[in-house]
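Labels run A, B, C and D following the written order; every chain starts at residue 1.
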């Protein structure tokens, strides 16, 4: 595994635990953790349960004693590491977004397709697909319980930068992060919307807004810089991203991703309405799915609050008795389970690099539309 | 009062009850009800408590024994009736939308401004402003409790035409209704968004969609037409309207209005996020306002569910003890109270015809944008 | 009508409006309002729409121009007025509780039974039965949708006397009010529990608690009394009442009524669990009923939030389109509708005085049990 | 660790993970797992990450290479194992209930007190105390945010035996399980109520009910028994337990624990009302705490939904960013953390065996009261 921050901790937990709860055909071994600082990576390897460590991902990729490379670094290094890992014959699990640009994503997808022929599996980490409530939502839609999908409404609401005194961290700089709320948050909503409906987004109209255009530099904010002239810098990503969309099957959608929804910490919400029913999910009620079946007798019809903790619900037979909730991190354990099974069986895991590329294309179309007075912009399907 | 369908019943109830609960400077008398069918209007006058009836609104307007004309007809007759009533020296309360076109609304506004000089009061019936929870929301924002408003998100979700067999009623025909979900539902959201923030919308990017483009004619659906060829007709209004918006003070907004949100009957929801706090309202929890104050200690911060039934809350001292809920119709009683007080005191009531015109301008801009590939479209401020 | 405080206003509203929304066989006329103070009753009659007024209920009862007497006074005068009205040949609607003692209630019930033979109708004002969501709940249970009822849990939570400085008003004095939270709040829960399940409560174990045993006298609290010695008095009713219960059909129940549930204004909640399903209601979501059907596929089972605003729901065809909420006061309008229909058709209206008596018996059993170390106490069925 | 069913899996997970997320003074090693069947325990040790296994807990207790014994067996073996482990000089973590009888619990508590003098730590597994929302609730009450506690209302609602065809498993047999919903579910509510308020329960009035008194024997239900005569057996524990209670500080409480609340899987709810505020928790919203502060301006007062995921909230700095939920199992990880810290520092961990004994005394008083016509029964404080 490369990288050991927030995502690294979540992924380590998943690799350690998956075989404790699921009966896997292969048992993962946590062999090498890779990070740039020797002291830090050694300590992290010890904390998270990795046997060895490296400070250069190139050495990691070259080792014979590993079969899988899990990439948890920021998006600007995904392409280079993933391509090297694939070239070295490894299976690759790559955190989202697949890359910072559509071009990188395209090259990675081509490499993954090529490697697939020699049995290498590749997967991108849109973990929300493996929240049981959302996996159940997909099953219900695939089973036709919603009929024809007409509409999607998705919100991803955070508020961690509402304070204008919050410093100009790397996530607010385009050269490092690619984009802001769009790539960080809306990427999840886009992948989920396409996954749940089974339809690609084919066109968008976007609006990107930087609400606080200038912020104190991190040094300035921590009091380490005395010079007034260098104390502030421009925010070069979006604070909020709004867009409307059309799906290939005819549905329409409305999306909002923002870091300025005061009071909301991580409210990822999505609702799908179809000719026969509706589904709604809110990440702050992670173990619940709301379902309306239009076929019900109107006298007793209503949105049902399904507590997705029954043993027949996706992934749940591995966990606790009905009514006992699981957390955010379990989605990563489920991701490991499915990836390991795909490696063992040779099935193609999803979301594939191609799925990641498709999200990247939608993000690019939103950016292009926003830069062109929100004019309708097709999502390119040949890069 | 002209018209006595759904809105007529609600308005009659309000005129009958306002002086029973509020100490009004003038006591309304329900003098004449007007409708086209003599038998029907006579029965309705009796049911709703009107002393007399007319079948021609021109005769109504000409009567000396009335001071106020309340217009509850469909939008295509608003302009003609309102202009005549103003010309006859009456005060005018006009249901929303003010008119079916911006041009009509402009003429009506000019007439109302003119009449105002001779003491005639005019008002448009955006009744949601007078739901106590929303009136409280406006107070909190006006008091600065949200700081600078950054974002608005508004949804108006209904589902009464999801069934493709639902007939082609007049609300689905552009020549009668003007537009569909846009004018009928989004009009409320737009007025509220502008009212709550105290800011006009200055530009939009819109998408209008007709999900079921053809429906059985009402005759056909009721089995009265045997001819296959004439049994169906084109839906000429939008089933769903999506748009993004910018406000004059810098806020951005995202709006959805739809008649295809399966399972939602009348879910009018609006949330406003600012630099110091957030507010959220859902019409299905009519007596509640959700409020997040960013100044709270993070240890115990959270959205508060304010039950808006305290005697200090807007309009509530007239009603029941704390914790006893009021209904949708009470907003009309509050509307009558405020209109009567404005007539007595000579204050200018709001929402004024100018407010109604401003909503019309936004609707027109959304329509124009949707017809031009969603390109950003300014809201005209000089018609 | 006798009495014109909170309940008087609600009842007047109901008498004025019932025939405006429901097609009644008889049209109510608001003839005489009765109260002790001439100035006040004259003003109230004007405000609430009564043609005439009296200051002595005996004169009211003796008048020939009235057919119905509606009793909205405190409980200690119910028996005397009701008996006189019945003796005078009037139909009687009496607010809850039917009386302050079981003995009074027994006499009233006998008189009502006697009067019934000459066609006089009597009814007690447990208005919650006519909240549409609760009327629907009764229908579902009567239709067998819950199977055998196993359990009832009921809470009635208020907080208006949490402050120890709140004065010793008459509701806190046993000689005036009979009891405290028990008679005022639990009476509603008991009637509802018996109505919904269709079963009488046959035994209880109770605990009554006076949390703040002494309070400032009203004079003292308003600063009019300077003498320290007479400034405070004993609270002689319960602040909170807890009890367990058994129903005649085998179900068990747990009840809480309190005026010390800080933060709750009027949270009347009741849940019924049966062998085939469950229902839950919360007065703060007045237009909703929560329903779980055990027959559903576990994969998508869950409590449904039924928005009780469909035209097929009890009483709702008279009101607004689906999704538009009604308020607390509408239950009184429905009460008038049903009472007027019973008068016209000769059917026996419910809740009858006998139903009111049964509630009184349960209250008495709780009081007796609480006074006897909570020992199990049968509800007497022959007084 | 002894035992490896549901609780064994949860505890193993906790022992494996605690040091991965918390900086512990000692690092747990998973040395020996003990179970009766050799094949099964060997497999379980492998699955859950234990180095070795035993089939006799006496051998386990005698081993020199272990310092801590974690008891996850059914309640009827707790006393014997715990006493032996304490005698062998081990620290002991024992699942709840501490024992099946008050007498056993008393002996265990005495042994734990004795062992404490030689530095051995003992703790009982009321894990809900370590759900962050409940730990925060305790902090707020201890900080005086609720003022004087007046009332507690607690519900523990399950529905797994509503079906009368569900077989007579050991949990429904008194000789094995001690009691039913009372000991299994209400034990949690009692411990929490005492923990949150900081007050012992001193008296109760109870009602126990066996709703389905006879069930198919497990063999019969699985078709293995052909003899009709032996196919059914008596349920000898309570299906539902209701009781009222008084606390030493003057508060009163109402408790319900049931396995017949159709539609509820594991709804453990508790609400505490005090003179200055209220708190409410529902296990189905595990990461939330509802808080009402009576000191707030009534204009904007209301229950706040605190999302207990801030780094300043109890235990949460170890986990994910704000807004990312944790699950039921994390309470066990927190339990291990606190137990390990207590071992390292020599502090007395809570809940102690004495806390477990106190719960047992309350359970016994409820049982005694229920057997004596619900008469008020003091909770013994000298066994």
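The working rule: a residue touches a chain if its C-beta (ideal position, glycine included) is under 8 Å from a C-beta of that chain, and two chains touch if they have at least 3 such contacts.
As the structure is a computational prediction, the values presented were derived from the model and not from experiment.
Common neighbours of subunit B and subunit C (chains touching each): A, D.
Ranked by distance of CA centroids from subunit C, the top chain is A. Subunit C and subunit D, compared by their mean Cα positions, are separated by 40 Å. Averaging C-alpha coordinates per chain places the centre of subunit A 54 Å away from that of subunit C.
Note on chain placement: the centre of subunit A and the centre of subunit D lie 36 Å apart, centres being C-alpha means.
Residue numbers of subunit D whose C-beta contacts span two or more other chains: 264, 301-303, 307.
Subunit C contributes residues 6, 9-10, 12-13, 16-17, 19-21, 47-49, 158, 160, 264-267, 283-287, 307, 309, 320-330 to its touches with subunit B in the complex.
Taken in their complex, subunit A has these residues touching subunit B: 146, 150-151, 153, 155, 159, 162, 164, 205, 207, 209, 211, 240, 242-244, 246, 252, 254, 256, 258, 260-264, 273-278, 292, 294, 301-303, 369, 373-376.
Across the complex, subunit C meets subunit A through its residues 136, 140, 145, 291, 293, 298-307, 310, 312-313.
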